[in-house]
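Next come two complexes, and both contain subunit A; in the first it sits with subunit B, in the second with subunit C.
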Partner chain A sequence: MHSFGYRANAVLAFSVTILALICGIASFSDNFNSPSPDAQVRVLNINWFRKKPDGNDEVSLTLNISANLESLFTWNTKQVFVFLAAEYKTPKNALNQVSLWDGIIPSKEKAKIRIHTTNKYRFIDQGSNLRGKDFNLTLHWHVMPKTGKMLRDNLVMSGFRLPEAYR
Partner chain B sequence: MDWQGQKLAEQLMQLMLVAFAVVAFIAGYVLGSFQTMLLIYAAGVVLTSLITIPNWPFFNRHPLSWLDPSEAEKHPKPQPASSGPKKKASKKVN
Partner chain C sequence: MSKDPIRAGEIVVFNVDGREIPIVHRVIKVHERQDTGEVDVLTKGDNNFGDDRLLYAHGQLWLQRHHIMGRAVGFLPYVGWVTIIMTEKPIIKYILIGALGLLVITSKE
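Right after this comes the complex of A and B.
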């Protein structure tokens, strides 16, 4: 501590070490938050359902998504990425996931969602397996913290069924 | 900065940074604002720098007292044995 430069170095090194430590504790404090989000999705209409010329099935849905994701937010949350995926099983693949809608929630004040929309991304199967198919609509979310590890979780809503015939 | 000043500066730096970190974390957690925590801590780092980095007068209140010159003269510094032979040796080589 004998010179200006030595003291400046000591302050910098020690302050950055402590900064890392408090960021670590802030990240750890997220463990005390036990989120309980809830979501409902309704398929209001099947707008059309067809076999594309290349043989893949495509369906267009009108969805009503309402969710309350406020409990995902803590003081250490930067934003939440949320997406709705259709999930179903085909003979070839045990799990198919098709993203239908997504969004970024920047703050707790905007975490109550009520959206009426057609599917934002096209719902196309790789093949012709969608007729009469039971599928789940799963709301996935990725909680992006300011410091620490990104958390991901999802909520499965089952009991949806596509029609037997193209329309 | 004298010896005791250096010790004081180091202890003051560590104490202040830890204290500000604790205050900043508690304030940030209670207010639910990460930004508040960072701002309080940044203010603490700046204040700590201003207090402990420059060579302020209060770090120089314990100057080292050297022996008086007269005292030093009573115990003369031992002289090196001789530097002659080395010079002669080098001359011979030439």
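Right after this comes the complex of A and C.
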């Protein structure tokens, strides 16, 4: 009962339990943070818009994304992954989500973003439904903790529309 | 894995046909069918340059629901190292099981 082996085992089990408890408390403390991010996205230009040889539509956009994500950071935050997705419906697909841009924010100091870019990932439809298509641009953020539960949320910005004709 | 629909931004665990190690990457594109609810999904590692099409099977462009085994909801630091060490140096696995067995045999009562 008092051998080295038993004592070592007891210490090990206890320390692992305490570490798990600390992780749980750290993750729980994130609940006290009420984030209030704000964001704005503008489509500055439709660079080109065509039907590819395989029959699917593709469009290239220049975007301006500005956001203040400082309130997402807590002491338990490792980084925030943020991405902008175009979301729309077509007759065949109830939902299409296409990520146009993403970035990693490593710290609160870098959390005020102003991005001016063409879409990082290709905006390609399954089919040829994009002419005159109304779509939302949704900014998603994923708060990745140093330990514990991850938090995902988003901000939907609607009112965008693709041109009626290819260009 | 819950029956919730797969949405962009979620981190999913999937197996590519023919590869044994599952991949844990983020969904960046979703196309969900109106009638059947079936879904085409494209994934990408956050810090990778390109999407995962290079990792999928030859000719495969999308993942479907049956490829996906689960999704990541949280993060526990360093816990994965136990599995990695035991896979890469199997001798440690045998030593651990041997030591546990020894403890069971030699403990009285």
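Here is the rule we use: the second predicted complex is superposed on the first by the 155 of 167 C-alpha atoms of A that agree within 3 Å, B and C clash if a C-alpha of one lies under 4 Å from a C-alpha of the other, contacts with A are read in each partner's own complex, and residues count from 1 in each chain.
Just so it is clear, a residue touches a chain if its C-beta (ideal position, glycine included) is under 8 Å from a C-beta of that chain, and two chains touch if they have at least 3 such contacts.
Worth saying up front: this structure is predicted, and the values here are computed from it rather than measured.
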{"item": "Touching partner for A:N33 - first (subunit B), second (subunit C), both, neither", "value": "neither"}
{"item": "First, second, both or neither for A:K146, with subunit B first and subunit C second", "value": "both"}
{"item": "Partner chain in contact with A:Q97 - subunit B first, subunit C second, else both or neither", "value": "second"}
{"item": "Partner chain(s) touched by A:F14 [first = subunit B, second = subunit C, both, neither]", "value": "first"}
{"item": "Contacts of A:N136 with subunit B and subunit C, given as first, second, both or neither", "value": "neither"}
{"item": "Which of subunit B and subunit C A:S60 touches, first, second, both or neither", "value": "neither"}
{"item": "Subunit B versus subunit C as contact partner of A:N154, first or second or both or neither", "value": "second"}
{"item": "Touched partner set for A:A85, first subunit B, second subunit C, both or neither", "value": "second"}
{"item": "Superposed model, subunit A: greater residue contact from subunit B or subunit C", "value": "C"}
{"item": "Touching both subunit C and subunit B, counted on subunit A across the two superposed complexes", "value": "146"}
{"item": "Complex interface listing, subunit A residues touching subunit B", "value": "1-2, 4, 7-8, 10-11, 14-15, 18-19, 21-22, 25-26, 29, 74-76, 146"}
{"item": "List of subunit C residues in touch with subunit A within their complex", "value": "7-11, 26, 28-34, 37, 40, 46-47, 51, 72-77, 103"}
{"item": "Residue ranges of subunit A touching subunit C (in the complex, touch as defined)", "value": "5, 9, 23, 27, 78, 81, 83, 85, 91-99, 102, 104, 121, 126, 140, 142, 144-150, 152, 154"}
{"item": "Of subunit B, residues touching subunit A in the complex", "value": "1, 6-7, 9-10, 13-14, 17-18, 21, 24-25, 28-29, 31-34, 37, 41, 45, 48-49, 52-55"}
